[in-house]
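Going by the order they are written in, the chains are A, B, C, D and E; count residues from 1 in each one.
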Amino acid sequence: MDLLSARGVHVHFGGLRALDGVDLSVPPGSIYGLIGPNGAGKTTLFNCISRFQPYSAGAIHYRGRDLGALGPHDAMGLGMARTFQNINLFRSRSTLDNILIGMHARLGNPLAAMLSLPSGRRREGALRGRARQMAEMFGLTDVLDQQVVHLPFGYQKRVELARALASEPTLLLLDEPVAGCNEEETRELCEIVRAINRDLNVTVLVVEHDMSLVRAICDEVTVLDFGRNIARGAPVEILNHPAVVEAYLGETVAPHA
Amino acid sequence: MRRRLMVAIVTCLAAASVTLVDTARAQAPGVSDKEILLCSYQPMTGKESTYFRMGKGADVWYKHVNEQGGVHGRKINFKMVDDQYNPSRTTVVVKEFVERDNCFAIANPLGSAPTAAVIDYITENKVPLIGAGTGAAKNLEYPSRYVFPLYPSYKTEGQDLVRFAKEELGGKTVSLLYQNDPSGKTHIEGVESVLSKYGVQLVAKEPYEKNELDVSAQVIKMKALNPDVHLCSCAPEHAARFFTERQKLGWKAPVVVVFFGQSPKVVELAGKEAVEGAYFSTIFRRPSSPDPQMRQFVSLLKKYYPNEEPDAIHMWGYAGAQVVTEALGRLPRETSKITRDALVESLETIRDWKGGLIPSVTIGKGNAPEHFLIREMSWLQVKNGDFEVFTPKWMK
Amino acid sequence: MSERGWQITLTFLAFGALLALPAAIPSFYASLLAFMFTYVIAAVGVNLLTGYTGLVTVGHGGFFAIGAYTTALMAKHLGTSVVPGLVAGTVLAGIVGFGLGIICLRLGGAFLAIATLGFALAVGAVLNNWSIFEGREGIQLGKNSVAGLGIKDVGFYYVGLAVMAIVMLASWSIIRSGVGRAFVAMRDSERAAEAMGINLRLYKTVAFAISAAMTAAGGVLFAHHNRYVSTETFGDTWLSVDFLTAVVVGGQASLFGSALGAAFVVMVPYYLGELRDFAYVLNGVALIAVLVFAPDGMAGVLARLLRRVLGRTAREVAPVVDPVSVGRG
Amino acid sequence: MLSLEAVEVGYGQIKALKGITLRVSDGQIVALLGANGAGKTTALRAISGLLRTSAGSISVDAVRLDRLAPEEIVRRGVVQVPEGRRVFAGLSVLENLRMGAYCRDGSIADDLERVYRYFPVLGQRRRQAGGSLSGGEQQMLAIGRALMARPKVLLLDEPSLGLAPKLVAEILKIIRTINADGVTVLLVEQNAYQALSIAHYSYVLRVGRVVLEGTAEELKDRNDVVRSYLGRQAAG
Amino acid sequence: MLAQQIVSGLATGSLYALTAIGIVLIFRNTRTINLAQGDFSMIGAFVALVILEHSGGSLVVATLVTIVAVTALAVVVERLIMRPIEGSDWLTLFTATLGVFYILHGVAGWIWGRDTKSFPALFSSAPLSIGGTLISQAHLFNILVAAVVGGILYLFFRFTKPGIAMRAITEDPVAAQLMGIPVRSIVLLTWAVGGVLAAISGILLAPLVYVSTQMMDGVLVKGYVGAVFGGLYSLPGAVIGSLIIGVAENLAGGYLGAQYKVTIAFVLIVLVLALKPRGLFGGKARREI
């Protein structure tokens, strides 16, 4: 069974049909790509899945559970975590705090935490330990106490990933993770995503424009245009699919793609 | 080295605190051979600051007395502090008066709510509170011998308003515009207490807030009910707004305004025509009266506060201050015999005193209700933009 | 000693000094300080909402009033004094705060500010017009007592100090817990906070409720300090504006800053009071001077001073806007 | 000619540019490459006067630009298309374009014609709000808006960011056309290969310094070197 | 009575409108909720009064001098106080204008005292009758001026270069700078226009609410509520919002009881915001402020 599936999802903004009956099925354990021209509805679908966007018709199921009635804050509790297109960190906080906030779903009884009751303090200690492990895994130990806004771009990207993974999700949603990254940064990120997928056993759904990333890591790709599915398949097939080339890639595909 | 420094600091602090705390002297607080300290909270700034005129009026009289050599050679040190008409500030200010400054008495302060906030504290500390500018029942009926109210209760005035409407103007129905505060509410109480006695019907009572921009909604509504007489329990500015709106709507019913709305400001702000013919109650003579006391007031105010136009509210302070200095003059001359209780007793000796702006002052023995400095009210009518004395039939 | 260690040590020293202070000053000043404590408590409450959670309120005078009137009515009709008033006032304000939080859920920035302002003025209007509150005429409270024992200025000073300590401790405990992190997360980015599983509805309303309850505790003490409540004090916006000013001047998201800011809004007008109109000018100039020369508040200046004294480089710099990352946002 | 001589820029104590020197000759497309945090955007902001330089000089045709206000710099023909497009969402397309010509007096009809020629879609949507355009159209509007100022030098900050590959190719093609029509271009790009494909000359920045420069051919020949410089994280 | 209440309400609302416009104008371009907007008007009223007393009563001269003086005041406030903290969060900017509020209140009280002063009426007190409802000439003139000012501003923002530039700055100040729009000058111009509006409003209000340091206190809060009603970004919204408040107040005063009159605006604004978080004319969400 699919980990995540969408059937006939519709979203309208006024008269504009952002999603016009889109289907998607993400098998567990895969790295799945979602591509398409600007305005095709990728981000809208992505937001429907992460519950930031309500949809008017259709259904989205995650592990067989209908997401329709849930809010964005419910997603993480179910095991979905996301990153944002432009890095969206808690800028005034330290790296450690950012990761700790990522573990919010495991906070336990908020009253115990607020009043520093013994049970709350024990749990807080455990969370901090786990957050440090997370930071170490992403090479962030040195900047644990630094305010994230002062960190270099690459570090911020990693903090965001560490924060998303701190909740130990089964599905990681990445929104254009390499926008604004160069070659090398892109390759580095590919490595990280592959490692996350392989070592932590996390399924990944990624929205991306950068075909090098898509080709390098995705097991399967769905292409959207004008709010509809136009193709689905392995990256190599997709990149040569006439409809995709026509709608999205254009004749002059970037030299490295 | 550091220890020595600490010792020095602690010593200094201790010394300072001793001088701050221990200003107790042999005689009563605030009295020396040279000086008597009287204190007053006033709305010098803030939303009610036009009432600071009262403080200025009192100040005029004390300045004059000091220029004449003071009372028994003691100068009056009249200390006014700004409480912005905010009771929470008044509490701080008065605590300062009593505990830090050692004021002999609280004289001629202003405000219903500010006074209500501190009256418990003042009387607990047995400090005389003389001539406060408040008409709220809570303050005037206060069960303490240390409280000397300035002017009659707004309740009494409210009763007089109804009597005036009925007996003088022949009104069977009246409407009332009132300020939504203790003054207005006490007026309502008075008005309602005598409606059946005079057979008058109150067809509308509409409140306004002090910061309200216009009173058109209220005036339109009351006019529609067509009362015979309209009563206005309004401060001068709001009375002026009322008259402007009334004129606009062409409402002709006669109007009677309470004494704290009696001010040349009403005519100045609303214009002569709008106010023409309106009746005002008053606790003083009009400023243009030829009476020598009034002439002295006008000239002294001009002397010390040349920018002020003489007004009833100045007189609240001025007239009250005259009673205070009269009582101080009746105290023994020896500093050691002057006490706060002696001042209370001295005030209570005043009988039918005619030396001031108030035509006649008689202070009884007992608690606040016996202690009024002013008991009588009289009436004025606006003619050609000026206040003329008006004598109702029942006074003739 | 670490910077944090220094902060804790200094806090203890400050409280120690406050404990000893009444022995060295006339009771009048103890009373004035107790008056200031009520503002500190309110400012700590406002700071939790405005400084930490980023929800600007110009309406906490309303909660202050709820606290004050709850205890005033109880004192008048049930003969209770400070402690029962504190319990009832904070609970009631907490409930009302929760409700206001629900109404204001979708609001931010200036819109929230105006909505909360509307709340405060509406509370003032109710107090002014519903006769049990006795409007501008006001309600007088009897002499203060705790557990049946009468207390005067110095006694009340210690009551105020104790309540202030409890409120600050509670605030500190919340801020450093996961809940406090969630508050700050909402301030920094609502979207990201939601994505991290923070229930915005719940946490915003809870922040409102806690903050309202704390502010109301200040109001309860205020009523007993003045022994009088009247719409003349609670009917307009100045209390709310004072609390907000205290938070901005003292330092947003700083407990110590709340204390400094409250001292500023109480003491500056107090000492300038006799200058009348000129006091307004100086007060305004002082306010602007703090904003221009200490953008992160008085607490920020002191923290920098402390660091300089300790000879450390800035570790936790104030959230300066980094132009490059703004371009990405 | 636009030239930067030993320019330094700092945020507080951190120096984002540690003395960079670069030249953009008339009629050329010059690419400014480098990893995130290398200082590319900082350099553009310094040229446009949004950031103050702490040392060095920036000049165009021997006129000093540093110390001038941003509007003075635009008036001297150096105009930037900011990263992330930043069109005025609530203004119509036409109003956006008029704002591009803010510094100029006189008729703008010819310039509008020119922009509509480059981007016919803008002509069709001139009454529509800027915010209602798609991402690619907004990028066109951002470039068109800058062209309204009749720039001698056009500064482009990551024009391909967030665009589909097909659109990226289209934008690059237009940049080349604009250049061919006589506008000098300084192009900041993440995507080195795409930038190199149209640039006459390139500079590579790393942690606030120029570490490599040359024509596109020269840099392509040293592919490995480029890669190592563009790639390594600029950890702070 | 209903018609009269509505007309009188519109008249009162029009008193709020110019202040609301001034607030929106400055807020849009600087994210500053200007608490001193009312005090600009108050200072203006005092200046006009002084000029009238010393120039033998020429209203035209007084108006012109007042506009120049208040505009200069607004410019000084921008240069000396607001510019050094430009770019701060809106709460800091807001608090700074509170400081300006204190200063102007104090200065006015210091120079002119705390008494309420009368201001010569511009029009005869005889009201006009429109279909049986009465409106004073002063109120009618005030409505006309508000409408004309609103119209001029609409044309200014729609068709002139500085006007469109102001809107551009509202959208994105950095991009505006990069297009060569002199942002600082335009911000200064915004404050200056705010000053002009305040001066006009001060002179129009002075005969109606009289001249005192606290003459604008009631107007200011309602001006805000009006501005927020209209969404804080919209000028027509601010005018309509102000008129709605004026009418709602009078209707509440006339039919519910006068004690509800001053409260109704605040209850309404809380309700409106709970249902429409961006005001009645707020449109879609903008950048967080």
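Structural remarks
Keep this in mind: a residue touches a chain if its C-beta (ideal position, glycine included) is under 8 Å from a C-beta of that chain, and two chains touch if they have at least 3 such contacts.
Small disclaimer: the values here were computed from a predicted structure and weren't measured.
Considering every other chain in turn, the ones in contact with both subunit B and subunit E prove to be C. Under the touch definition stated at the top, subunit B and subunit C share these contacting partners: E.
Of all chains, the one whose CA centroid is most distant from that of subunit E is A. Comparing the centres of all chains, each the average of its CA atoms, the largest separation from subunit D belongs to B.
Taking the mean of the C-alpha atoms as each chain's centre, subunit C and subunit D sit 49 Å apart. Subunit C and subunit E, compared by their mean Cα positions, are separated by 31 Å. Centre-to-centre spacing of subunit A and subunit B amounts to 73 Å, using the average Cα coordinate of each chain.
Touching of two or more other chains is recorded for residues 180 of subunit A.
Within subunit C, contacts with two or more other chains are made by residues 128-129, 276-277, 279-280, 320, 322, 327-328. The set of subunit E residues touching two or more other chains comprises 105-106, 109, 114, 174, 259, 262. Those residues of subunit A that touch subunit D in the complex are listed here as 36-39, 85, 151-155, 176, 179-185, 187-188, 209, 211, 247-257. Residues of subunit A touching subunit C in their complex: 50, 52, 71-77, 81-82, 84, 86-94, 97, 100-102, 104-105, 107, 110, 113-116, 120, 124, 127, 145-147, 149-150, 156, 163, 167, 180. Those residues of subunit D lying in contact with subunit A across their complex are 33-37, 134-136, 158, 161-170, 190-194, 197, 227, 230-236. By the touch criterion stated above, subunit E contacts subunit B in their complex at residues 1, 4-5, 8-9, 11-12, 15, 105-106, 109, 113-116, 118, 121, 125, 127, 134, 136, 208-210, 212-214, 217-219, 222, 249-254, 258-259, 261-262. Looking at the complex, you find that subunit B touches subunit C at residues 13-14, 17, 20-21, 44-45, 81-82, 85-89, 91-93, 95-96, 99-100, 112-114, 116-121, 136, 138, 180-182, 185, 209, 211.
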